[in-house]
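The structures considered in this document are given below.
Okay, so subunit A shows up in both of these, paired with subunit B first and subunit C after.
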Partner chain A sequence: MKDAHHKGEGHQEGHGTVYKYGMVINLDKCTGCGACMVACMAENNIPFRKEDTNDRLTQNFWMRVYKISNGGSFPDNDICYLPRPCMHCEGHGHHNRTPCVTVCPAVATDYNHETGIVSQIYTRCFGCRYCMAACPYHVRVFNWWDPKWPEGMEEYLNPDVSPRMRGVVEKCSFCFHRLQRARNKAYSEDRREVHEDEYQTACTQACPAGAITFGDLTNPEHKVYELKKTPNAFRLLEVLGTNPKVYYTSSRAWVRKAADVYVGKEGSGVTHT
Partner chain B sequence: MSTSEEKERNVAGGEQRTEGSSWRFLVPVIAFFAGFLVFLCIGWGIFPKILYSEKQQPIDFNHQLHVDEMGDCEACHYFREDGSFSGIPKSENCIECHESAMGEHPEEAKLIDQYIEPGKEIPWLSYARQPDCVFFSHAAHVRMAGLDCMTCHGPIGESEHTRPYQYNRLTKYSRDIWGWNIAGIKTNTWDRMKMDDCAECHEENGTNQACFVCHK
Partner chain C sequence: MKLDRRAFIELTVGASLGAGAGITFSPLPWKLTDDVAIWTQNWPWTPVPSEGQVSHADTICNLCPGHCGITVRKVEGRVTKIEGRQGYPVNDGGICPLGAAGLQLLYGPWRVPGPVRRVGKRGERNWERISWDKAIAEVVTKLSDLRSKGKPDTVACITATDQGTVPQLFSRFMEAYGSPNYIRTASAEDTNELAMKLLQGKDASVGYDLEKANFILSFGSGLIEGWGSPVRTIQAHSKWRSGNGKKAATVVQIEPRLSNTAAKADMWYPVNPGTETALALGLAHVIIKDSLYDSTFVNNSTSGFAEWRKMVMSEYSPGDVSATTGLSAAKITNLARAFAKAGRPLAVWGRGKGTTPGSLYECMAVLALNALVGNINKSGGVWTTLRSTDLGWPEVPQDRIASSGNGKPRLDGAGTQNYPLVKYRPDELPKIINDNPEAIQALLVHEADPYFTTMDTNRVAEAFEKIPFIVSFSTYFDETAQHADLILPNDHYLERWEDIPSPVGFHKEVLGVSRPVVDRQFDTKHAGDTVMAIAKKLGGTVANAFPWDDYEAVLKEAMGADWDTLAESGYVAKAGSTPSGKFEFYAKPYEPIELEGDSYTQPLTLIPMELMRLASGAIGNPPFCTKTLEETELKGNDLFVEVNPKTAGDYGLADEKYAMLETYRGKAKVLIHLSEGIMPGLVGIPKGLGHTGYDDYLAGKGVNANSFMGVVEDPVSGLSATWGIRAKLTSV
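Moving on, here comes the complex of A and B:
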């Protein structure tokens, strides 16, 4: 299942080169510092609610660090931090089955076959939240309030990312605007390909431990190509067949096991905060 | 004689009676068309005037004069090194030529007195400004697809005066996005800048139709 990518490397289709952007997150390196979450919020104009910054249910995170535990008692206790962006599920077969895309009644989200990125169009979304129910990774978040920033902070908003209004769903876009920016540069230099270092997500660059690697999963020259094939690589809830493009690696067997649903043992020893 | 007169009177009377009843039948028809006309005038004449507000540009800019002097559009509307498009020039671009007056035109005097000497930016109103959710890459269209500026912006390079800037009072979007024809009829490619118009060309040229191509 891990090597289910049959598409050729960067082949031409229509106008542009076809990419399949994805991530490999090394959980052995992740310290749970949360720099990726902060970088993501700053990059993507994610509003924060001053009055309840500790209420994780009402905070909108595109990138969220979970803490999982093996549930053992000392000295066998072990914890692991698990950063979770959008998985940008590809699904299988010709009619791809990205869970959120198939349920959206407004066509406010789609799967881009040229980049492998699942979009979210805020002006089209009317907030029914079917996609939130469909997403097995709890990636999508709902704007219960109009965005508000402390005075003066509006000046620091990213002009490349459109702020969302109350009543719409939002989610991680793999910093798609950075790809647009990189493409702009490539076009001005008369080339269509975007180099690996030209397009990196904010969380990837912010991670002080270097736990996140980002790139084109189908391009052998990109680091993620080899990393996703390592024996310790796995994906979350692979059993559902969502075919996510975010891979994790961990040398610990219980972490790899916790990533999937095992009937009978469901939820055992896995907690998240 | 009298009988024929009576007959004529009767005929006339009969005609009068029939005329009167057909007139009564016409009243609602005429009322309908009168009302239709009134609402047509409101809908096509008065409503657009209410819907759009009008502003004048800070300076009456002569595009033709500048194109003749500078050569082409990219002399002022240039690409930056990172591939982004500069759009409307900043006053620092104007200073390159207009540090002091080059002629005696009152609009140039206005430029120097009000903006260049105090070091202020000219608050130009952008006709082609798209809503915030739209991503548009000039590099992709001009450099890669080889489109002419005219295709979207029209013959603005031939204008001698700036036209008034109209914007929708509700959305605050420039009228150029919807188009100047209130019925939305377009005869030239630059008449409208709605999503349908982008999609039309993208479809013709086989561009990827995914949302994230143009949205952000």
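Moving on, here comes the complex of A and C:
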């Protein structure tokens, strides 16, 4: 990672100011309470259905908390919760290989080099779902039905996020609309940079355990900068080279190990950074 | 023109080529495809939320006794988000899933739109809208009638808490009307209050200074599953889990099942369920034997130690306790030493979320463990948090009928010779009514859902059938409201003023006031105003008991000098006073709380599982929360019960297959979830499903855990000490 940092402004690359927004999730603190999921659904106008209790194939979650187990027998069994937003994969090199971006025939999803956020433009998406197949993290969901809210409930919809229509794919945006709001505020105050506390995702803000930390991974003044370097930090499926911007920390070795699924000797050369 | 074969072929090929070229070079098909794509995405029924001025307003969440500070984000008059309030002394910015889903309760179809009267049979969900005047007049007619017949004591009133002005208005109404049957729904608070009365001689509850402790010994408390004030406890948990390389606190969980709290703990000891009291006393044995107790505190600030010590030393050696609990003597000894030597140890009581009263002995044994290490009313310890229902109101004027009615014994027996210690025994009500259908002629229910939350659901349903007149003040179509004759809906908690008492389990006193942050959405009325309107219409001394113009006047007067601060910032954090008085060691060997049922035909033990994502109290789970349930908890409308693979092997059960779950109290078909996290021989059932009220987003999903449980009386308190029941699982 480059060291050309300007205090609080992200680092310069080419002409624009470049940020790499990312997350560090402390799995020792995460209690699996689900507040992040609910806050995300409320913030991002995510629809729900009477029938959709627990059909994981068709349920719509941008942030989903997985429950993983060490597989031990009673009483050596152990479980851990793992919140999973979009990883906002950067890939490597100039021609990044964000898995979903490379396969989208409609340029409905793109990697933004100024923010590090993988976008999703609903009106461009025509629902081929290649991106869903390409995403190794299952973060993308398809709208199989018209979004319908029970009578009166449309009142709570957030105008900053457009409700999606049937037939398109959607996913976690790192609450991009909150960045837009923060940028507008900064510009109106004649600032170019957005402060760390001005732009936080809904899940980060809601988490009662303080398990999620969000910020610019390249800015040494942001908390995530150091957190991602702690010895217990890891990312999901690093072997794929997707270069995700969501890091996890856990003091439990079996949890760290569960994050990568290696075939044969694949994992031998990979170091957890 | 003659059309021969050649000309025909030429013409056909030419036309085809022309059409092909036309399609290729004409913009029309591309335009049409594009239009179709746009059309498919511009369906007018996809809502476009209206823009507008954004503002924020602070209030307090009232969905559980945790009472977090919340900030709502508004766009013009609409509430679009509920977030935790930054800097609030309870939850400092955090929020739980239920609190965040409060919007769905505000705008959902489960709101009672205005006063309604039942049409057709009870529970048919057939309602007729009536005016407020008419609704109040109907209640007044019925209550006047009972009064004139000299039967005011046959009216009962149930509220979720007795703290604060609104529950106290109901309590006052009952006194002025002439009925001693004001009842509060059951929770661990009943036992906490009773223990404080017995051990400290105070009208108080138990507060835990979780944040400052460095060794937490939890006796089955769901510390990260909704125990106490849920967000506050989770935040304390995060403090314990942080620290450079070394965790700031050691957490030990005593529980027969790998709950989230157990999974996160440093040590998980699955002891035989129901033997927790023995374990606490066994730990005390080791601490006394090794002289690890705080002798200064014990000598100066307690009484009854000598006798208690004798009991503990003679009956609870690690060897004896090991046989009872299933935990090895070495583990018991090591745990006791680690606890006593930790510096700031804290033993925590209250099973799961604390929604049931539980065993008084168990509560007292855990508190005694804290007293042993000198951990009472000090930093990092257990606090006596004073509870008062006295709002300084003038004495209630009573006419002859009222004093005669109030002179009758309470129906639930609380405070009578048999149950002198407790104030309320709500779990007893169904039995009383079923035994004597005349006992209750009218029932008023405010902010509680006894139909759903009381144990032994089938008996509760029978009892409800027998009550001739039921009035609900519920904001939502909950089960009790569904079975009422009249609903006089209260304003939603985001629409009303109300004082909010200190959060449960919190060691500091925080008085809050919730305020309207959104306009009234329906034709509802503040329950405080409704009850006063009923009283005023009843006239005489009942009316005279309420000298206030409206609820806001009641609130302002009750808050007194704090009002200005409350009106401005929404809360007052009070400096806790340290109550004087000695801690009493209560020397009586414990009697285990026996399970209902037959161990031969019902060889398994059913225990409730309380989950953070599943509201198990009076408030039904909003759709957002139900959606987050695990696929091993609910599938479609079918509920999973958790069993160990060993149990499944013994009884021929298979993963994700149906089985019939049967106890002495209820029977239902469930799905089996095999888990290595539960002790063999146990069956875990999620608590909070099986609603019939609210609407299709919740009703009909799963089975109510309470429908399998019966009431087992605590030998001392007389409260329900049920922690499980014997059960049978057969594959179907």
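Everything below uses one rule, namely that the second predicted complex is superposed on the first by the 249 of 273 C-alpha atoms of A that agree within 3 Å, B and C clash if a C-alpha of one lies under 4 Å from a C-alpha of the other, contacts with A are read in each partner's own complex, and residues count from 1 in each chain.
Note that contacts are C-beta pairs under 8 Å (C-beta built on N, C-alpha and C of every residue); 3 or more make two chains touch, one makes a residue touch a chain.
Since the structure is predicted, the reported quantities are computational estimates derived from the model, not experimental observations.
**Q** Is A:Gly210 touching the first partner subunit B, the second partner subunit C, both, or neither of them?
**A** A:Gly210 sits against subunit C, while subunit B stays out of touch.
**Q** Could you tell me if A:Asp110 is touching subunit B, subunit C, both of them or neither one (first, second, both, neither)?
**A** first
**Q** So, does A:Ser162 touch the first partner subunit B, the second partner subunit C, both, or neither?
**A** both
**Q** Would you sort A:Met37 into first (subunit B), second (subunit C), both or neither based on which partner it touches?
**A** A:Met37 contacts subunit C only, not subunit B.
**Q** Return the chain, subunit B or subunit C, that is in touch with more residues of subunit A.
**A** Counting contacted residues of subunit A, the larger count belongs to C.
**Q** Go through the superposed model and pick first if A:Trp145 touches only subunit B, second if only subunit C, both, or neither.
**A** neither
**Q** First (subunit B), second (subunit C), both or neither: which does A:Tyr122 touch?
**A** Touch partners of A:Tyr122: subunit B and subunit C.
**Q** Output check: A:Ser173 vs subunit B and subunit C. Expected answer is one of first, second, both, neither. What do you get?
**A** Once the two structures are laid over each other on A, A:Ser173 reaches subunit B alone.
**Q** Please identify the positions on subunit A that touch both subunit B and subunit C, taking each partner from its own complex.
**A** 122-123, 162-163
**Q** Can you check the complex and tell me which residues of subunit A touch subunit C?
**A** Its residues touching subunit C are 26, 28-29, 31-35, 37-39, 41-43, 45, 48, 50-56, 59, 61, 65, 67, 69, 71-81, 122-123, 126, 146-159, 162-168, 202, 205-211.
**Q** Where on subunit A does subunit B make contact in their complex?
**A** Those in contact with subunit B are residues 14-16, 108-115, 117, 119, 121-124, 160-163, 173, 176-177, 180-181, 183-190, 192.
**Q** So in the complex, the part of subunit B that touches subunit A is made up of which residues?
**A** 79, 81-84, 131-133, 135, 137, 139-140, 143-144, 205-208, 210-213, 215-216
**Q** Over in the complex, which subunit C residues touch subunit A? Could you list them?
**A** 37-38, 40-43, 45-52, 75, 78-84, 91, 93-97, 99-101, 103-104, 106-109, 111, 224-225, 230-231, 234-235, 237-238, 241-242, 258, 260, 263-264, 268, 270, 521, 612-613, 623-631, 633-637, 644, 646, 675-680, 695-697, 701
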